[in-house]
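Take a look at these structures.
Both complexes below contain chain A, partnered by chain B and then by chain C.
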Partner chain A sequence: MLVYIIRRGLQSVVVLFLMSVLVFVGVYAIGNPIDILINPQADQQDRERAIAALGLDKPLPEQYWTFFTGALHGDFGKSFVHATPAISLILERMPATLELAFAAMLIAVVFGIPLGLWAGLRPNGIAGRTIMAGSILGFSLPTFWVGLMLIMVFSVVLGWLPSNGRGPTVDLFGLIPVSFFSVDGWRHLMLPATNLALFNVALLIRLTRAGAHEALLQDYVKFARAKGLTNRRIIGVHVLRNILIPIVTVVGLQFGALIAFAIVTESVFAWPGMGKLLIDSINVLDRPVIVAYLLIIVTMFIVINLVVDVLYSALDPRVRLTESKG
Partner chain B sequence: MSEPVLRVEELRTHFFTKAGVVKAVDDVSFIVNRGEVMGLVGESGSGKSMTGYSLMGLIDPPGRIVGGRILLDGIDVIKLSGEEMRQMRGNRVAMIFQDPMMTLNPVLRIDTQMIEAIVAHRKVSAGDAHAMAAAALSKVGIPSPEERLSAYPHQFSGGMRQRVAIAIALLNKPDLIIADEPTTALDVTIQGQILYEMQKLTRETGAAVIWITHDLSVVAGLADQVSVMYAGRIVEQGTAEQVLGRPRHPYTRGLLDSVPANNARGARLKQIPGMTPSLLDLPPGCPFRERCSYAQSDCARTPLMRPLTAGQSVRCHHPLA
Partner chain C sequence: MYALRKFVRLAIAIVIVSLLPFASPSSAQELKIAVAADVTSADPHFFNLFPNNNIAEHIFDKLVQMDPDSKMIPGLATSWKTVDDKTWEFKLRKGVKFHDGSELTAEDVVFSIDRVPNVPNSPGPFTAYTKAIIGKEIVDPYTIRFKYAAPYPLAPNDLSTIYIVSKKAATGATTEDFNSGKAAIGSGRYKLVRYVSGDRIELIRNDNYWGEKSPWPKVTFKIIKNEAARVAALLSGDVDAIEQPPIADLPRLKSDPKFTVTSKISHRVIYFNFDHLQRVSPFITAKDGKPLDKNPLTDLRVRRAISKAINRPAIAERVMESQAVPSGQLVSEKLFGHVLGLKAEAYDPEGAKKLLAEAGYPNGFNITVHGPSGRYVNDEKIVQAVAQMLTRVGINSKVETAPMGPYSARASKQEFSFHMVGWGASTGEASSPLRSLLATFNRDKGLGAVNWGRYSNPKVDYVIEQALQQVDDENRSQMLQQATKMAMDDLGIMPIHFQYTIWATRKGVQYVPRTDEYTLAFQFKQAPGEMAKR
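Then we have the complex of A and B:
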């Protein structure tokens, strides 16, 4: 197990390194941030001074080397725009995004799994068919459009919930600003979280339904019934334990995706998270922020994958974490 | 002998599919006496497993028991409510399935799967249930049962898993065990052990057994009574000696002739020509007549079950001598 984790850690370092090179070169290729950042009226001298200050006068490999040595010490450079460390800019925004992603995943799990089970147990019933038809909508409606519709209905027409922004925050452990302790925080969180959750609700419904449908045909379910167990126990223990394995994988991977792709929802609801910061940074080619953001996201994916693998071995006794041959 | 454990009368289980009605079990009657083993023999698709599932109340839609009575200890289980049925399952009647690799839940420990079978039927403390489970495992010949209880199914061999399944079936001391080809998926040597074990245990506990199989050699060594099923109906019934020693139905004869050991060495193996008819909208008449070398024109009339000698009856217009 320990060997496994160490091995995974080393693999992750390689991934992070390659990714940082790719992003570095990629952002360099897109354009020169100076053209955007500097006042067009500035003279050549000012211009060169600005370039030198940002370190953009040096050749790309040298720029990367500077970044690389800095990154080893936890310094990802300063934002070109804000002139503050890129990493602190991102960490400042991270709680908002994490809160949104957690809320969305919670909604997805709380609605997706029971609805999927229901549809799997009664595939031919009206409720089951309705759930499945609804899940197709959840899959296919574009997130930004659903977001706009939610605002239209709940903020504009009904006026029940605020359309944008985040509610008042309280520092959790004196460190992490969170908004879910106040009613107003919840009211702000509700619409964007629902918006972000929709796709995952649909995904979990379909996944759970398929799993339940398959599990119900297995001999162990027939044997469990022959033992005289109650339906509640057969579904809740025998079926659920088996279908939880694919569900945990998808929830894990989707959680990473929620954090990374909350961008659309954050833009629609003006949610002050990392996604919005990324979009703004790409617009001005603020390379340190973009690189740092992507490194953080990749690290998150790696950690989530590791957690999923460990959960696997807890859920499925046949899985033992040994050194992978890959 | 006292009242039989199980009396099945004119049981009919039909499946209502889009293509039509499949009469999987059609007018099946038999009796199982206390402590007796009844072999239920037939080819695949003859309805023998469906008979077993009907007794357990485990027929799923589109299937339904449409007629008959299943008297277990004098109570008609068809009339029981869902909850009463559940309480009967695994308690008064237990079932063992064909493939031990599939019947145990792969993600639950053996003790979980055993203890839940106990507490589903009576109130016992966790410690008592655990002790009962360990005792049941040691009874079916599993060494160091205390350790094995905390193992997962994949840590057992096929034979051992079937022993666990048998232990689970015996946990609540059922009056009747329905064994649906429990040795088919196992090696011959393991088969022998399991057969021996079942015989011993059922004698000890006095449980009656319905042994569903297509393997006549198993039935020969195990069963007191034999019922032969074909196309959802019982075509011959009697003691094991009668049915296997002097079969009167051409189908039973054909089945016995198909056993390689019964053929002369080097001779071409005998087989029953053709295949089992589709049970979908089966035409009237004897369903075996297409494959029967004794068939005559009157076989287009549906034959009825009729007694020939004491204890042996046959569903044929032209029983063999």
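Then we have the complex of A and C:
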């Protein structure tokens, strides 16, 4: 297991390196940020001076080298437009996104698995059919549109919930600002979290249903029934535990995706998270932030995958963490 | 399963509790404004960017301020005059206090101007407005003189862009110190309470302000970039006012008695650049797809034909929902250097065809029209409309648009044949577009920096350069008008319209709209009898 983790770690370093090169070259190819950043009234010399101030006058390999040596020391450069270190800018926005993603995942698990289980156990009942039909909507409606509809209904028409932004924050452990300790914080969180969760609720419903449907036909279920176990125990222990592996995988990966790509929800609800920061940074070609952001996201996916693998072996003793060949 | 059920119950309980209507504590005197773009810093000298300046306008003062029509009015300076052609003297207002209580003197002014070129890592410095100054002389604490190398009429215009910071608070301060609020000490109408990057800016009224105080003790700017979300925030009452509501939503907002829409002609002209280079133009081919041996756009008759082919009133009325005025020149009516009577080219498709035939293109040619997306109001739609109009007179047009980043990178390298841009005359003068857009590209003189079509006409250059040294306002105005007329007759660039800046507010709050597009909290007025509401 230790060897496995070390090996995975080494692979990750290579992935991170390649990623940074790709993003660096990619952003460079799009254009020169100064063209967008500088006030149009500036003349040619001001322009050249600004380009030099940001180190953009140097050849690309040299710019990369500067970044690379800095990154080894944990310095990912300063944002071009905020004059703040890129990493601290991202970390500053991270709690908001994590909070949103956690809330969304919680909603997805709390609603998705029970509903899916229900639909799987009674596939022909009215409830089961309704749940499945509803899950199609969850899949197919664009997040953007659903977000606006939620705002329309709950903020504009009913006036129950605020349409945008994050509630007041309290510092957790004195350093992480979180908003879920206050009612107002929850009111701000409800709509964006629901919007972000919708796709995952649908996904979990379908996964759980398919798994449950299949598991019910298995011999061990029949055997358990023959043994006279209660329905509750069969489903709660035997079925659920066996269908949990694909669900954990998906929850893990989707959680990463929620954090990394909450962009649409964040911009519709003006949620001050990392996704919005990324979009803003791409718009102005703020390379240090883009690179640092993607590196963090890749690291996060690597860690999540590792955690998922470790969870597998906990859930299913047959899975061993060995040096896989693939 | 039991545990699961308990969990579900808990979850439902949480949902119900949080859905309960809960009046958010909002004081009647607070003004919440949703702005459309991110404020990247609270340092007023770090980055010359519209949203940053919009916030700085509240916290800091300038020697010279602009009224809503972009006319210069006294700010921290009560008066200014030329001592000789190359020296300007500014008299400072007495008794002006910074937010920390210290008094403003000429020292602070010199400090601020010296700080401009020395802010590290600035992606867009204010140096364009300070570098002409070659010497500063403090005559007494309330009198300051600036020396220039050549006669320099634009000193007050330039200084209407430089925010004055407190020397005491800002000595040695970094941009981060401004963002944290520590160094963001100005003399303006508001004090900075909190700057949360990407989210909000909170301000509180400076009750010791030297001029007319704002009616709002507390102001919050919320950054909501998504235009639909911005409108939703206004509709739901989460904010009192928004800037740039989408054009498509205007009919709905206007018809709802709970909201007011205000708009004003902006200093921004939307125009097209022609490729003026003597070369095979990259996006023009003959009708059969073969390259043309020369660039047809270098022929004035072809440029004129294109201009005549465009139905500007139709664009203003339909594409822009009447939120634009057709234009035949560089600055709108109330700005310095506007040429009275210089009208937009009339729509004349027959005349356009005739001119094309005269120029040797009786069947027209193929062209790709380029434009930015999401930069100016309805920019893509304007480009599409123009392309259709050109096709109608025989110039087969395709449309390509891109976000401003990659777009401007290509446009500034002359990679396009015919493309759209916008220009805001932020100094309030025609000299701004003339020197940047129409003067010949010349690095050493700092002229034509954004002359992306590489228009070059020595006669126009001569008049522009004369005007830039003409200290007498009357003469300079005439020269700017003359240069504008010459460049427009020659179609150096082709103006389409001046766009409107639009604000939407809830009933009871009124905005005094501005030419310079700023959204200033202190220009929102509370309608009488509305105090008790909310």
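Of note:
Definition applied: the second predicted complex is superposed on the first by the 326 of 326 C-alpha atoms of A that agree within 3 Å, B and C clash if a C-alpha of one lies under 4 Å from a C-alpha of the other, contacts with A are read in each partner's own complex, and residues count from 1 in each chain.
Quick note on the criterion: a contact is a pair of C-beta atoms (placed from the backbone, for glycine too) under 8 Å apart; a residue touches a chain by one contact, two chains touch by 3 or more.
Nothing here was measured: the structure is a model prediction, and the numbers come from that model.
Comparing chain B with chain C, the partner in contact with more residues of chain A is C. Of the two partner chains, chain C is the only one that A:114 touches; chain B does not reach it. By the touch criterion defined above, A:159 reaches chain C but does not reach chain B.
Once the two complexes are laid over each other on the shared chain, residue contacts for A:1 go to neither chain B nor chain C. Residues of chain A touching chain C in their complex: 30-47, 49-50, 53-54, 78, 80-84, 89, 92-93, 106-107, 110-111, 113-114, 148, 151-152, 155-156, 159-166, 183-184, 186-187, 190, 232, 235-236, 267-270, 272, 276-277, 280, 283-285.
Chain C contributes residues 1-2, 4, 7-8, 11, 14-15, 17-19, 21-22, 24, 34, 38, 40-41, 43, 46-49, 120-129, 131, 174-176, 179, 196-200, 222-226, 228-229, 232-233, 235-238, 403-406, 408-410, 412, 423-424, 426-427, 432, 436, 441, 443, 446-447, 449-450 to its touches with chain A in the complex.
Of all residues in chain B, those touching chain A in their complex are 56, 58, 86-91, 94-95, 97, 99, 102-109, 116-117, 120-121, 152, 154, 165, 168. Contact residues of chain A toward chain B in the complex are 218-220, 222-230, 233, 237-238, 241-242, 245, 315-318.
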